[in-house]
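Paired with chain B in one complex and with chain C in the other, chain A is shared by the two complexes that follow.
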Partner chain A sequence: MDARRVGRARVDAPPGPARVWSESMFRDSRAAFWFILPALVFLCLFKIWPIAVSLGESFMQTSISGRKSFVGLENYAYLLHDDPVFWGSVRVTLLYSLVINPLAVAVSLALALLLNRRKWYVGFFRTLCFLPSAISLSVVAVIWGVMLDPHFGLANSLLRMLGLQPQPFLTSSGQALWCLMAMSLWRSAGYWMMFFLAGLQGIPQEVYEAAEIDGASGLTRTFRITLPLLARTMSFVLVSNTAFNFLTFAPVFILTKGGPMRSTNMLMYESYKSAFVNIDLGRATAISSMLLVVILVISIIELRLTRASFQY
Partner chain B sequence: MKNRVIAFLLIIAALLPVVVAAAPATTLEVVWMAWPKDMVDKLIAGFEKQNPGIKVDVQLVPFTQLFQTLEVRLPTGGTPDVYLVDGPLTPSYAARGFLLPLDQYFTPAELRAWFPSSIDTSRYQGKLYSIPYATSSAGLYFNKAIFKKYGVPFPSEKPGDRLTWEEVAQIARKLTIDENKDGQIDVWGLLIEQIDRPYQLLPLAQSKGAEGISPDGLKTEGYITSKPFVEATEFYWKLFNEWKVSPQGIPDAAKSREYFGNGKAAMMLGAEWNIARLAAFKGLDFGLSPHPYFAGGKAVTPTGSWHVGINAKTTKKDAALTFLRYITGREAAIEWHKLFGHAPARPDVYDAMPQVFNNPMWQILLEEMKKTAVARPVTPGFLEYELMLRETFNSIHYGANPEEELKNAAKRIDRELRKYR
Partner chain C sequence: MRHAHRTHGTNHTGKMFGRLLTAVVLAALALVFIVPLWWTLASALRPAGSLYEYANPLTWRTFFPSRITLDNFINIFAHLGFGRALANSFIVAFGTIAMGIVVSAMAGFALAKFVFPGKSIFFFIVLLTFMVPFEAIVIPLHLVVKRIGIVNTYWALILPAVGNGLGIFLFKQFFEELPTELLEAARVDGASWLSIFTGIVIPLSVPAVVTVVVMMFLFQWNSLFWPLVATYSSRYQVVQVAVASHVTAEEAHWANSFSSAIAASLPPMLLFLGVQKQYVRGISSTGFK
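For the complex of A and B:
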């Protein structure tokens, strides 16, 4: 990529030999097809096909002998009108995602901006921030569970040492979901920070130099150059984060089992219970199909909002 | 040349026993509860020593994942060959063809080795599908030091001489104590060992005359929503939310035992295994009083425990049967009781170990097993029933409205039970 083709102020450079080669190759759609094929096969096999099967299953009910019968929209109608727990789960899942998505993006972006400089200590702090993402989510959940134990946990020992009231944490219907959010933030902020760091380092230095000559302050440079030019990274992080958080399962399964009083009973966990404990695949797949649609709609909105209209 | 041939044949002959001995033994895949590995290994070693041709690949799965693991594995094929079946799940697995019918392998005389109530749990629609591995009972454990310190007389330790739940609540209120006045309870009055499990809580409702499910095992509306069931559940709600004599959010039996063992609770409604396992807490002086009941109601205690079953699709039926017979047999039951403290499901084990079972605590529980034990509901949908009722009890102990929660539970459970009709 030509380093001088920057921002909206495009400078047309004569095509070098490397660009001619790459453009002619990608103009050849047959070559593109062969490159995409392996990924496409696996995508169909492991994503599209299961989604199709699951969608089909959501219109069925299975008797215990394994006989399937078509019931139309019964599973959906039951969930939307009669199910005593479904809407509670929708509320919990939405609240969780609406808080954690923007928060995770803001925190990871702030971390990236702070750690995007050449100082001797930066490497150490970057590693420190990234470390939690290197631990498996299940292990993180178990460690947090021990820490947040209301009677013997580290968190309450600290609070007592500071002369504060101990808290019930995961055993309170008012606090459990927020504890899960804190845990998710702690684990994922460093991970998304790496993407923002990569994005930041992809912004050409020349743009900043030009802005400096024009007399732009540090803050102006952040808001007028850095953030707009990070749009592509932003849309990737936002969309991946959305899908990831809507599908939260392990911490709920390990720490709260959806409780106390269903305050953490997220849709993915509800769907899992339906499928693997209640042996009700119809209800389980109806939940996951609706979840898929919600994620799809939100992702499209996010992509629209963060669409980048420039090249560099 | 001839000599060479003879020498060659001799070498082959000499090697033959080695080859035969090294022939692969039958390996059984067994899914088991994640009890302490060293204990399970000891038990399995005993079997392998007696049956050198069979190796056992025992896969230990924690309690919380055991049922889901089996749900995923059983529909897909012939392994595990043998697995641990929670007694009341026998009909669920049998209805779906996951268990080998065992009637032709056990004579009626052989079946008399186990308690009749346990064998009843092993049957579904008249056929035998699992063999009892252990049974259970429960009672009210109490910490003698705490009772003495606060001048509360000990409850009776005689078989059948039980407190009412109303009396238990009164004592619990006296013994819920904030010792250093920091606003935090230091000693709780009463722990429910398995805080939200129907196993532990159904006897409360049954004591008031309620039933947990319809006789055909396919309907809960009108049963768990009946007046006595709701009343018993309101009592349970009060323990945590009105009188505040029980701590919320104790996740499992091990944690409850830790609380009680370390003197953080005056009483604990708990299972028989605590007799052996509480001994590990040094300096703990505890007693056992028979299971409480509601004034004007009847005495009911929980019972039933693990069974062992064979996968209907196993290709190693003979080896699986050999293992099943051994692991549920007298010798293994004695060994397992010594190791873990489960109540044996075979009367002959009680006779063989008078030094253990003449203990007054065991005498209380044996009396319960004979006279007041009621098995959990028989329904092919026990997995669904248990999960949803458990969630309901859990919400109620955190403060949700008992009547409303039970109504919702009945609606959800009955929808899931439709598939068995």
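For the complex of A and C:
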């Protein structure tokens, strides 16, 4: 174990996946066609077509008699210029995303670092952290809804026991969104932790041994080695989480219906209301088309980031 | 990490303190994750009329019911049609899995082992659909499903989830690792592509199949938004919609909320605990390839 080990650890790292190129593939186009046909049909019918419909409808307006007319960008123009409710939703959705996404990365990473050790109790704690993500978001919303009940909920019972003021939680426009964030964090932290644990296990032990010989302390090693090597996992988690949280629907639908005072009226819920309560398809699809574009941009960034691999 | 105390020269008290801190943090963590779940279970097993009484003030009785009863569960099954909702969710999940595994594995096989014209376009479609989350297309999808004429049927719940970009992608990744020579040899022996696929490829890919099965099951079991939009009669009500419909602030409904939350969570939890290792390996591999 000398300085050469450092070099070795770097050289030994996989030089990128060995690509299987076309020499080792079959050239039977007809067979391939039959193999992809069912998937192609299903993807076109239920994914591509709806995307096209979303864009198409967003340029239309439906009159009371049910007749559709082409209105160009009018739906978008109205949303962007004259629709305070839409802008309220944009603000709520952005605030939610800007807080929950970095927080989720930080918490799940911290959990992974805490539980990345070989001890007998670790398996138990990992399962415990992951357990909420096996439950549906709707059930989590129901459980949290009862827990945060202002009069009889567990949260206020706890506050009273500690001699603190009971809180209105979901019934207050100042607190509701933060409650939804806490709920989302509770459910998803363990899920993303698993990605970080997988990432941590991919770091060769030699790197740490080398750093240790160089006299790096535990904290230095975490910040100078572990975190940079996890950059790829971090960007993956951040971006997946962003796409997921941008489309939050179930908790809003179940717990707050966008309220109080539109404080949790996220874009997905606003789009849903527009389509099924106010029956304004043009507005609904204009919102959902914008969401689609945003998600696609986020996903393209994701591809870029995860491809720009951090080599060690 | 193993030699930290030697090279780094931490003293004995420091180590003890570190251990104590870890223990405290772990204990707090366990409480945060387990208390809501335990409380839900304890409350679901308690007689319906006494829920508020034990929720506040907080005592040990809040978490340990003095009398355990299954009445709340019997109630949601006997009077609220929860059994029907569970059955519907199972039908939808298994229908999706049965069709989705075949469709995704076939497409993954073509992408992994064949060169064909239009391959890059097809792969682009797969990637695109893998990146567009289901929620983002729910509203236009509703228009499509209405157009096809399957709104308010099981088909409306099953078919849109069958073509799954992520599933295709996972199968492709897995099949790429299978030796092409093996398939070539079978081909030389005169085996048809179909028999190679069902007789060699699929039996060698059980881990990938398990991952995609679990993924599809959880997706369908947990979905709320699409079923809410695609079906309206109680005949087709799935489990999450049923759970969501029990939410009101009255005490009588608390009992329904608790018991339906537990009943709705048991199947995915049991499934998850059963295949935890394999599933976690499967999902976390999507982030790295």
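Rule of thumb we're sticking to: the second predicted complex is superposed on the first by the 241 of 312 C-alpha atoms of A that agree within 3 Å, B and C clash if a C-alpha of one lies under 4 Å from a C-alpha of the other, contacts with A are read in each partner's own complex, and residues count from 1 in each chain.
FYI, contacts are C-beta pairs under 8 Å (C-beta built on N, C-alpha and C of every residue); 3 or more make two chains touch, one makes a residue touch a chain.
All figures in this text were calculated on a predicted structure; none of them were measured in a lab.
Enquirer: Does chain B (first) or chain C (second) touch A:Gln175, or do both, or does neither?
Expert: neither
Enquirer: Check whether A:Thr226 is in contact with chain B, with chain C, with both or with neither, and answer first, second, both or neither.
Expert: Touch status of A:Thr226: no partner.
Enquirer: Using the touch definition from the top, say if A:Asp82 reaches chain B (first), chain C (second), both or neither.
Expert: first
Enquirer: Where does A:Phe276 make contact in the superposed view: on chain B (first), on chain C (second), on both, or on neither?
Expert: Both partners.
Enquirer: Touching A:Thr264, do we find chain B (first), chain C (second), both, or neither?
Expert: neither
Enquirer: Specify the partner with more touching residues on chain A, choosing between chain B and chain C.
Expert: Counting contacted residues of chain A, the larger count belongs to C.
Enquirer: After the superposition on A, what does A:Ala32 contact: first (chain B), second (chain C), both or neither?
Expert: second
Enquirer: Which holds for A:Ser54: it touches chain B only (first), chain C only (second), both, or neither?
Expert: Once the two structures are laid over each other on A, A:Ser54 reaches chain C alone.
Enquirer: According to the stated criteria, A:Thr62 is in contact with first (chain B), second (chain C), both, or neither; which is it?
Expert: In the superposition, A:Thr62 contacts chain B only.
Enquirer: Indicate the residue numbers of chain A shared between its chain B interface and its chain C interface, in ascending order.
Expert: 151, 276
Enquirer: Which residues of chain C touch chain A in their complex?
Expert: My answer: residues 1, 3-4, 7-8, 22, 25-26, 29-30, 32-37, 39-40, 43, 51-52, 55-58, 62, 102-104, 106-107, 109-111, 113-117, 119, 122, 125-126, 128-129, 131-133, 135-144, 148, 159-160, 162-163, 165, 168, 176, 180, 183, 187, 193, 197, 218, 221-222, 224-225, 228-229, 240, 243-244, 246-247, 249, 251, 254, 257-258, 260-261, 264-265, 268-269, 271-273, 276, 280-281, 283-285, 287-289.
Enquirer: Residues of chain B touching chain A in their complex?
Expert: 67-68, 71-72, 95-96, 183-184, 247-249, 380, 383-384, 387-388, 391, 394-395, 398-400, 408, 411-412, 415-416, 419-420
Enquirer: Give the list of chain A residues in touch with chain C in this complex.
Expert: Contacts found on chain A: 17, 20, 22, 24-29, 31-36, 38-51, 53-54, 57, 111, 114, 117, 121, 125, 127-132, 134-139, 141-147, 149, 151-154, 156-158, 160-161, 186, 190, 194-195, 197-199, 202, 208, 212-213, 215, 217-218, 221, 232-233, 236-237, 240, 243-244, 247, 249-250, 253-255, 268, 271-272, 275-276, 281, 284-285, 288, 291-292, 295-296, 299, 302, 306.
Enquirer: Which residues of chain A touch chain B in their complex?
Expert: On the chain A side, the touching residues are 61-65, 78, 82-85, 150-151, 165-166, 168, 170-171, 173, 257-262, 273, 276-280.
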